[in-house]
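Please find the structures below.
The same chain A turns up in both complexes below, where it pairs with chain B and then with chain C.
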Partner chain A sequence: MASNQNPISAIDMLTSALRSNIIPNQEYLLQGSVIDSSAEVLHNRLRGLCDAAETGPETFHDHEMCFSLKASSPGGTPQQQQSFLLRVRRALDHPEYPWQLRYLGQPELGEKNQPTVLRSCIDIACTPNVVEFLSELGCRIEFEYVLKGYLFRKGRMKVTMSKIFRMGQAKSPDSLEAMTGSYLVELSLLAPSGQDAVADEIKVFAEQLRPLVHLEKIDYRRLQSYS
Partner chain B sequence: MEDFFTNNSVCVSVEAPAENLVQEIAYDGQEVFQLPLTLSENLTKQAHKIDWIIREDDENDDDTLSATVTTEKDVEEESKKADFQTSSWPWDSVRNKLRSALTEVCVLADVLVIAKDKRYMVLDPVQQEQPDQRQLAQLFSKKRGLTAAANILLHGAERLKISQSDTARAKSNQDFHLELLRLRQSWTLKKIGNSILGDLSYKSAGSRFYQTGIFEVTKSEDPNLGLSTETTSENQPKQSMIKVTIPTELGGTSYIQVTIQKDQDILCTTNLNLLHTSLIHSDHSLDANPWTSKLEAAQNVLFCKELFSQLAREAVQLQAAIPHMVVGNQITASLFPGIQLSIHFQSSYSAGVNKRQLVSNSTSLVAKVDHNYILEHSLHQLLRQVHLNNVGQPVPHPSSAPLGPTKRRRLAGPHAYDRDELLLMTKNESILEQIIRQGQHVVLRLRTMFVIDSIAREIRDPLIISHWNVLNSPTLSCVKIIIMTHGYDTLQRTALVVHVGEKTLKCVCRDGRVLHMSYEPQELRDLILCQISQHQINAVQSLARFLGWHVASSSAHLGLGPVEPLGNASSCILSSPSGNRILSVRCGPQAAQPQVYLSTYPRHDTVKNKVLKDMRWEQLNTRYEEVRLEKIEGRNFLSRMELLMASLTCRPPMSWE
Partner chain C sequence: MGVIVLQLFAVPEGKSGPQVIDILTKRVTSLGGVLSGSFMVDCETYTSVASLGATRSVHLLHNSETPASVFALLEAASGNKTVALVADNLFDLLMLKLSNFYQAKKQTKIESRGPRFEAGDFLVKLGSVTMGPAFKGILVEVEYQACSLPAACWDLIREFMQGFLGGCVPSTPPQYIQNRFGDMLGPIDGINQYLEQFNAFRKTTGIR
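Presenting the complex of A and B:
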């Protein structure tokens, strides 16, 4: 009896935690890019603005795989079939850290005056056999890439400045081929839902990085329609 | 015709025209005549024509003068006669006047001649008396002139002063900005409105103390003060252009005093004062910037306050067997039974200065030697570690992972940690717990030192040498104890290592045994005494082998003889190379000196025995007799034993009595 109650109480706790909005599952995001030649200027600016300036910037080297799960409803057309994207990311430079499985919701651009993109976001640490697990579930690998760059922290905000590399055929980290001649700059903050005041905080910080980089709300759907 | 004229010559008289001179002719041709001159007017007109100066030039010769005068007079008289024929002697008055004038002129000429010679007469300027009015006016004018000059000078001086003060102000402004720049290099400053505010709190270093450390920077009011002090002495610090205003609650000085007390006896005391150390280290920078000391003192006060409030909060929260007490500015925690750790927060505002003097005096008498800097350093370190943990959040890897959780918490999910491991992870040792552990270690180390030193002082024969490791952790230190005999140190060394922990001692003996002991000092004392007794027996055995004797038997835990109050006595039996001398050595932990017994053969009483005729019965040992070691020469037990064994070896068996 008692053993039966335990999982129920855990779920109750989780739902009550969700209801009381203490789980940080909303990501406030701004994105931009900076060309390689001026990346160093931005790097110095970020070093000056962000926390732990004395220890120097933290580097990262991540490998991300994106899996898609087709929800095959019997009567639906392929357009109506919603693909469900799951991202698995691992740190190549820190193999002892757990892998991260991440679900990202549809980005909400909101109104014109809303300062940031808002998307729901769930992060779960997992073991390396998550790839196998997802394949068994029927997920198919859509794309993968390697990110290499610097990570900064400013209070609750996380600033990454990274370069995207194409995964070589050999799948070894040495055969890296840069996708573009620029750095991707992301300014993100994870918060429980309903804390919209932090968006202004992000906006203020983004203003401080002007004109080195313009961090904006990027509309992916429009980007896709352009391409 | 000429003749006619000559013949009929007409007499032409030359006379003055009867009619008057025409003065002017009007436009209608009418002439306006001048009025005829009167007699006196005519005379003066004529007299004007006389050139008197010519006559005076020729006055050297009186005769000529008079002659000319007469001739002149004649001419005049003639002309006057012609003009005024009616008067009988009309020139009489004129002549008299001229004569008198002449006389005067002559006299004047004579006087001039005489005066020119300067033989008979000297002309002196006559001092004319100045009128008073004139002097006063001169005075006034002089005064006016002087005031005008003074005004000009004053005006010029004023302008110079203004320009000088302008440059001084500009210079002081420049100094102010330079100093502000220096201040900015070491302190956080920001400008809010017209005021410059700084922050001396440890917030940027990770402190979460509620009290703010905001100070205001203003320009110093009196820049001249700096100049004057600069001229008076170079030793005095230069007056700063910056005036730093700190909040009153951060004023003064404060410090935290850590004391370990045993029934009112202070075992160990530590004064935590950041300012003190900073004063020692940064003397030069202090001279350069007077505000440094003020700000550092305020920062020290803030640090001490934060530390004490943190400790007090933890003392209340901690569930200890003997509850910690927080009374006013004092926290008391018990380390061992009867030994307490008390932490005082004292500041110069809370009337603790006198008390501090008293305490420091008493500690200087009681525990000056025991003063160690470990507790002081630990208190520094512990709070700063807390700060660092607040700031230094672990960086997520991979980069998409959320900020905040530590690496262990990240691993908890994938590795499926159970509840105990998770609880262990949340356990965080507070500053107070750590300082109590360190205090316990300090007490235990002091006790261990005391025990070892007192044994070394009491027991001289085997030497006891202790080596304390210089490098140790705040809660663990290590001492190596070596027991050896002077002069025989290569023969036998007994070494043991004692690890001094927080509440227990761990002793590793030479034979590999590991003994755990409590904090009671008697246990260590007993152990060392046992080790000493065993050392003596072992050393005697080594010596015996060295001298060719045989070790018949040896026992570290002898079951015979009187019962020792602690531990067991150890003993060995040695026989001489020829076998006719047997020495028995017994050493108990409580005995001051080992006891030595001697047995020899052949027995003297066997000769009389008629029953036992076999020679082998003569080989039986006699009764053991105690050797009075103190009568034998030698500086220690081993040297005496060496002497004893040597003498027993070399003498023939029958001659020994």
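Presenting the complex of A and C:
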């Protein structure tokens, strides 16, 4: 295997990629839900609208864990702790696939005319010892769940229809209880920052799914005030 | 995938790093080695901030031989365990985002860089190790690509290495290889050896 004539350092490559704005580190997102009894109708509509209609959508069965890294600010109260969240996801139906480590920034809802939620997002494939790595790094597991559902694609957009399951007492992926009587529907696209035209692409597609499902920007702060 | 062995080559009195590389280059090419570009292995270390508790270090290494990967070696707080994570290039971006928790000390960034030769099933890399502007020594990497089991090929590797490095190559394998003599080795084992060598270079003032 021939190597580069003059290898550029990885940090220099990353810096130049960041400057040229080619790293897809922004997620444009819309979410909604559909009750189980109506899920099949939505499934068929998505099958018709999305790519690869003949082969059918991919199914997935993932286990996701959310970790947090907290450092207390000197002299600060517990509320002033800086917190950094990381998610680890693995495919239960394909144990040979790499695990995925994901960083998600704070979601920005923006103005009323901003069609989608915007959040920074870094997806990193890694080896299965990532949980041990994060524990030694100082992270603590916050929560975990299992997601089972369907994955559709339309161009650069990704649509998932999935059911969330709570991990059973035995903590094994086989003992699952569904958390809701509905499917979570997510429409997202990963792109470099500043490509706001893609948000309109998502909005147009979301319109085509009405009235089966209403995909909209979810305000997490309002959700937290209910709990 | 192959067995990677690192060998420190002491710089003789009165000679400079580039002169030693020239001498070794002539020896490798006379053994049939063909120059095929250059290589670089670098290491940046991040240390945890005090508010995170016991001090932990994350060493981020990159190897031009595996350009799509980043090796993150985490030294556990207890000091007796290292967890080696292999991830995509974007892991570098994640470490930058973690700057409130793990901070890089710029002056400890260390790299080994130089010409790369192919000699049949062997890959030979003659690295000049530098830390910032300071030259620290010569580190030679030899990889025997045809076999991943040290027990089956150590003698062949040693004979090949002694052919151009001379007596500085010991007859017993390095401790790292001895501890894994019967195991299948891969790129992470080369990286672990680089980290051991880089840590030794960092502790030495002047040329090793």
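Definition applied: the second predicted complex is superposed on the first by the 219 of 227 C-alpha atoms of A that agree within 3 Å, B and C clash if a C-alpha of one lies under 4 Å from a C-alpha of the other, contacts with A are read in each partner's own complex, and residues count from 1 in each chain.
Going forward, a contact is a pair of C-beta atoms (placed from the backbone, for glycine too) under 8 Å apart; a residue touches a chain by one contact, two chains touch by 3 or more.
Because the structure is predicted, anything quoted here is derived from the model rather than measured.
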Problem - Which of chain B and chain C A:Thr127 touches, first, second, both or neither - result: both
Problem - Contacts of A:Asn25 with chain B and chain C, given as first, second, both or neither - result: second
Practice task
Would you sort A:Lys158 into first (chain B), second (chain C), both or neither based on which partner it touches?
Solution key: first
Practice task
Have a look at where A:Phe84 lands relative to chain B and chain C in the superposition and call it first, second, both or neither.
Solution key: second
Exercise for the section: May I ask you to decide whether A:Met13 touches chain B, chain C, both, or neither, giving the answer as first, second, both or neither? Expected result: second
Practice task
Considering only touches as defined above, state whether A:Glu201 meets chain B (first), chain C (second), both or neither.
Solution key: neither
Problem - Overlap of chain C and chain B interfaces on chain A (superposed complexes) - result: 123-127
Fill in the blank from the handout: In their shared complex, chain C is touched by residues of chain A numbered 1-7, 9-11, 13-14, 18, 23, 25, 69, 71-74, 82, 84, 101, 103, 122-127, 129-130, 132-133, 136-138
Exercise for the section: Enumerate the contact residues on chain C facing chain A in the complex. Expected result: 36-40, 42, 44, 48-49, 51-53, 56, 58, 62, 64-65, 67, 70, 72, 74, 76-77, 81, 83-94, 97-98, 100-102, 111, 113, 116
Practice task
Would you pull the chain A residues touching chain B in the complex into a rising list?
Solution key: 24, 51-52, 55, 58, 60, 62-64, 87, 89-91, 93-94, 97-100, 102, 123-127, 147, 149, 151, 153, 156, 158, 160, 162, 190
Exercise for the section: Within their complex, state which residues of chain B touch chain A. Expected result: 391-393, 395-403, 407, 410-411, 413-414
